[in-house]
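Okay, here's the structure, questions in a sec.
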Amino acid sequence: MSAAPAPGAAQTPQDDVARTVGSHAWTPYALLSPGMLWLAVFFLVPTVMLVTMSLSSGSAFTGTGTFSFSWEFSNYADAWNQYIVDKPIFQKSLVYALIATVLCLIIAYPLAYTIAFKSGRWKNLLLVLVIAPFFTSFLLRTNAWQTILSDNGFVVDVMKNTGMLDFLHTVVNTPDSWPSWTQIFPEGITAEDHVLATPLAVILGITYNFLPFMTLPLYASLERIDIRLIEAATDLYSSAFTAFRKVTFPLSLPGVVAGTLLTFIPAAGDPVNAFLLGSSNDALMGNAIDAQFKATGNYPLASALSVILMVVIVAMVALYVKRAGTEELV
Amino acid sequence: MSEQTSTAAPEAQSTGGGADLHIVDVTKKFGSFTAVDDLTLTVPSGSFFALLGPSGCGKTTTLRMVAGLEEPTAGRIVIGTEDVTYRKPFKRPVNTVFQSYALFPHLDIFENVAFGLRRTGMNRSEIRGEVENMLELVELSTYARRKPNQLSGGQQQRVAVARALINKPEVLLLDEPLGALDLKLRRQMQIELKRIQTEVGITFVHVTHDQEEAMTMADTIAVMNEGRIEQMGAPIELYENPVTTFVANFLGQSNLIKGSVTGKGGGDALLEVQGIRMAMPTARVHSDRDDVWVGVRPEKMQISRSGISVNGENAVTGVVTDASYIGVSTQYLVELPWGQEVGVFAQNLSTEGPLSKGDEVVLHWNPAHTFALDASQDAEAGAEKVEGDE
Amino acid sequence: MSTVLEPTQSIDARRAQALAALPPYSPPSLPVRTMRWVRSHLVQFFAALVLFYMFVPVLLVVIFSFNLPSGKFNYIWNQFSTQAWVNVWQDPLITDSVVLSLEIAFVATAVATLLGTLIAFAIGRHRFVGRAGTNLLIFMPMATPEVVMGSSLLTLFVAAGLEASLGRGTIMVAHIMFCISFVVVTVKARIAGLDSRLEQAAMDLYADEKTTFWKVTFPLVLPGIVAAALLAFSLSFDDFVITNFTSGQTVTFPMYVWGAAGRGIPPEANVVGAIMFGVAVLVVLLPQLLRRRRAKTPDGPKPEVLGVDGDDHMSLGATARFEHS
């Protein structure tokens, strides 16, 4: 996840220009400073404050309403006990986000592939269509899923009649070692007779909402693949599937990595889908942090939760990017 | 070698020599556009065959149909004794050297070359041996573990050839393989490719728009234009005896002068060109009509100061309008009495120096160098650019 | 030289011989062709399904804006009515929240686009010490869950004693912050895609650096800037999570929808969503349609680009390619 420029990529032509157009040594800093200052004051400083707050004591709604820094590590202990040990809300958030990310990848790939290779003159229109849903309020669209998944609706009917609902209900109800599926899905991934207010609805909502974040980077990296490479693979005795596995997919890995990050990170902290589509049992980290801030006023505990979420995400992302080894590609 | 292939079993062919490639009545349409128009063509086994034509003439489409990357709208494609028209590209005994190479950027040179063998399920140690031999053939053994972008253009080109050849295809297709190289490297690779072809003896089908490249490497050239074959034959035959104005102009340059055939007899034809009588071999008249374009290559014409006697040769008078000295030769533009300008390439043999603008001259040439083409054809067809003759 | 051209007859004979040895020519039958067509278009078929999936909720938002709900919840279709469309601006809660959201989105877009574009030029056109750190700081806000950003901003505002004055100002500050990064990557992609020879050509043609910038560089980068602004606007207008933390008692349109979710979202909210969708699609598609029409008149004025041609979608895509920046 290093933001360092990729070796040997697009950097060299810029060097040329830097020498011809750049006038003074201080020019870049003059251009940078207003925006970077904004990011420093309203992103960096708050992040530091968040860590400070997570080690403070006090409450917004009780006592003086002020906070004092006191190396209050008990906030972390509380967060750990309440949201990881007592209720696996933290694990749940990661699992939901992970499943949604995988679903997004499976769903978005054919779409991105079609736009990149098979759309011809419809390419621009299709790209507009991919981002168009962005423009209808995200909350309204999520809300629309309540209609789609309503108990007597078409979708649930079909799922019932095909036995899919039953299958999904039973399939993840097998007890396992910790973290067991039953701990994360105490009542199964979905109910026997309805989908709304079950984990499935939340996961479907997350998948839906972050689909464009997966599609666009996938498209961007697929689009850069020379179609002749795929033809060359078929010419060299690869079936369509082998060509995909050996050439197309490896070359699209940068997009896969970018897409999964852009989907997984926001999904892990999203409070909206769980609130609108889940039951009260489906509260995720986003909801927990939200509630601790807004309802309880326990800012230190909420901050500790945020810090934990942030640290775990950064660690997972770093590991993932290292495994995926994208810097070798391109 | 060619006699043997018609009877040889496919197994024998695959170990060298390649197979005949037959393209029979093939048409390819993209919507309403006809890219290839009822093409029939046989590439003899073991030959180095060039499909030559300007961009958009259908040569690449033809190649892609042989490779299986496009499906013909009509007709069939036969390799050796097998009909492959509807066969998937990965099931054909054909490999392609792609334009700009299409080397897999995520694989090193070794893996690029091994790609096809890995698909066929050959065992690892065998693959290793094969790849090493092939890299030796193209002189890249020390680069096995480099990535394609760490190689120069010429080296990448050789990898592309190796990657295709290692599979021992019946037919190797080369799609403008040298287009991305600079002139010097291109010359070098032309010789190199020719060497490799002679060594492995596989049928090479080479698509190019570069006539010089086609003539250097191929032993048979088919000139394509607008989806059809204009003429097919050995380079020397195409150049010396073109049968259409397109071939005459696309392959080198030609002076085409309006004239008519006035009589034939004894293997010779008599011509009248703007009132001047000329002669030529009947075998070089490629027109059913009497109205013809009388053609002569610029280097076949000799240029002399007026007054010289030119017995037994075809001759016209003219005035030099332009002379460019280019070292090995001097290129003249000469205006003929009826206002047409023709080009002449003269070797710099005379000691008195080149002729200059305004000099009155006689152009004369051996009648056996004359060719005659159907006058209903466009005299400018296939010309690189419109020259100054009105 | 065994490969000298043989007489034409011989080649024809070989072809005839080869053809005679083959079974008679039979092109694939219609069912075989149909199967093959279906198989080769499976990906497109699946892609169409995915697009459909993406648009079903949008469609429902629009459809249910014409519903007359039987209870307070607008989930079940009851009766067609244009009442919501007529009354949409009657409800001060909706009107005020939409006006406020627009106001915030305009300010946030303007400031973020300006600041982000400056940064993009610095990164895309200059070498400087601290480049890696700069890239990291731009990347971080995009890689941080919104709850974390929202809660940390709230902590900052609380620490600064601004808890009582949370509202329009703090929302704008927050929106500008998260929009900057998206503007930077979008504009930077456009700058990186520029052919630097164009600028060199301009300078060769006696344009000084300033003229080169305003006459060549800037017009070429403009579509990217416009695309970035559109992106920033949609991000700001639609943001709920961060706003939720920084708004205090102020109600933006997403906050209104959120609040209404518990007691039933009225069809009027759907009307606003439908209008936003319509306007956005118009803004994106109109220049393309206009351009297509103008392109048909040969000597028409040079089409104006509004940041929505193919390249700019790529730059939107590049937004998502941030980790390679």
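Going by the order they are written in, the chains are A, B and C; count residues from 1 in each one.
Rule of thumb we're sticking to: contacts are C-beta pairs under 8 Å (C-beta built on N, C-alpha and C of every residue); 3 or more make two chains touch, one makes a residue touch a chain.
No experiment lies behind these values; they were computed from the predicted model shown.
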Interface with more contacting C-beta pairs, comparing B-C to A-C: A-C
Most centrally placed chain, judged by C-alpha centres: C
Euclidean distance of C-alpha centroids - subunit A vs subunit B, Å: 56
Intercentroid distance (Cα basis), subunit C paired with subunit B, Å: 49
Subunit A and subunit C, separation of their C-alpha mean positions in angstrom: 18
Multi-partner residues of subunit A (at least 2 other chains): 330
Contact set on subunit A toward subunit C in their complex: 1-6, 9-10, 13-18, 20-23, 27-29, 31-32, 34-36, 38-40, 42-47, 49-50, 52-53, 60, 67, 107-108, 110-111, 113-115, 118, 123-124, 126-148, 150, 208, 211-213, 216-217, 219-221, 223, 254-255, 257-259, 261-262, 265-266, 268-272, 275-276, 285-286, 289-290, 293-294, 299, 302-303, 306, 309-310, 313-314, 317, 321, 326, 330
Touching residues on subunit C, where the partner in the complex is subunit B: 1-6, 11-12, 14-15, 17-19, 21-23, 25, 27-28
Subunit C-touching residues of subunit B, taken from the complex the two chains share: 1-2, 6, 20, 22, 24, 40, 42, 44, 46-48, 74, 76, 78, 80-81, 83, 86, 219-220, 233-234, 237
Of subunit C, residues touching subunit A in the complex: 43-44, 46-47, 50-51, 53-58, 60-61, 64, 75-76, 115-116, 118-119, 121-128, 131-132, 134-149, 151-156, 158-159, 163, 173-174, 176-177, 180-181, 184, 192, 196, 199-200, 203, 209, 212-213, 217, 234, 238, 240-241, 244-245, 253-254, 257-258, 261, 265, 269-270, 272-274, 276-277, 279-281, 284-285, 288, 308-310, 313-314, 316-325
Subunit A contact footprint on subunit B (complex, rising order): 67-69, 88-91, 94-96, 98-100, 102-106, 115-116, 119-120, 149, 163-164, 167
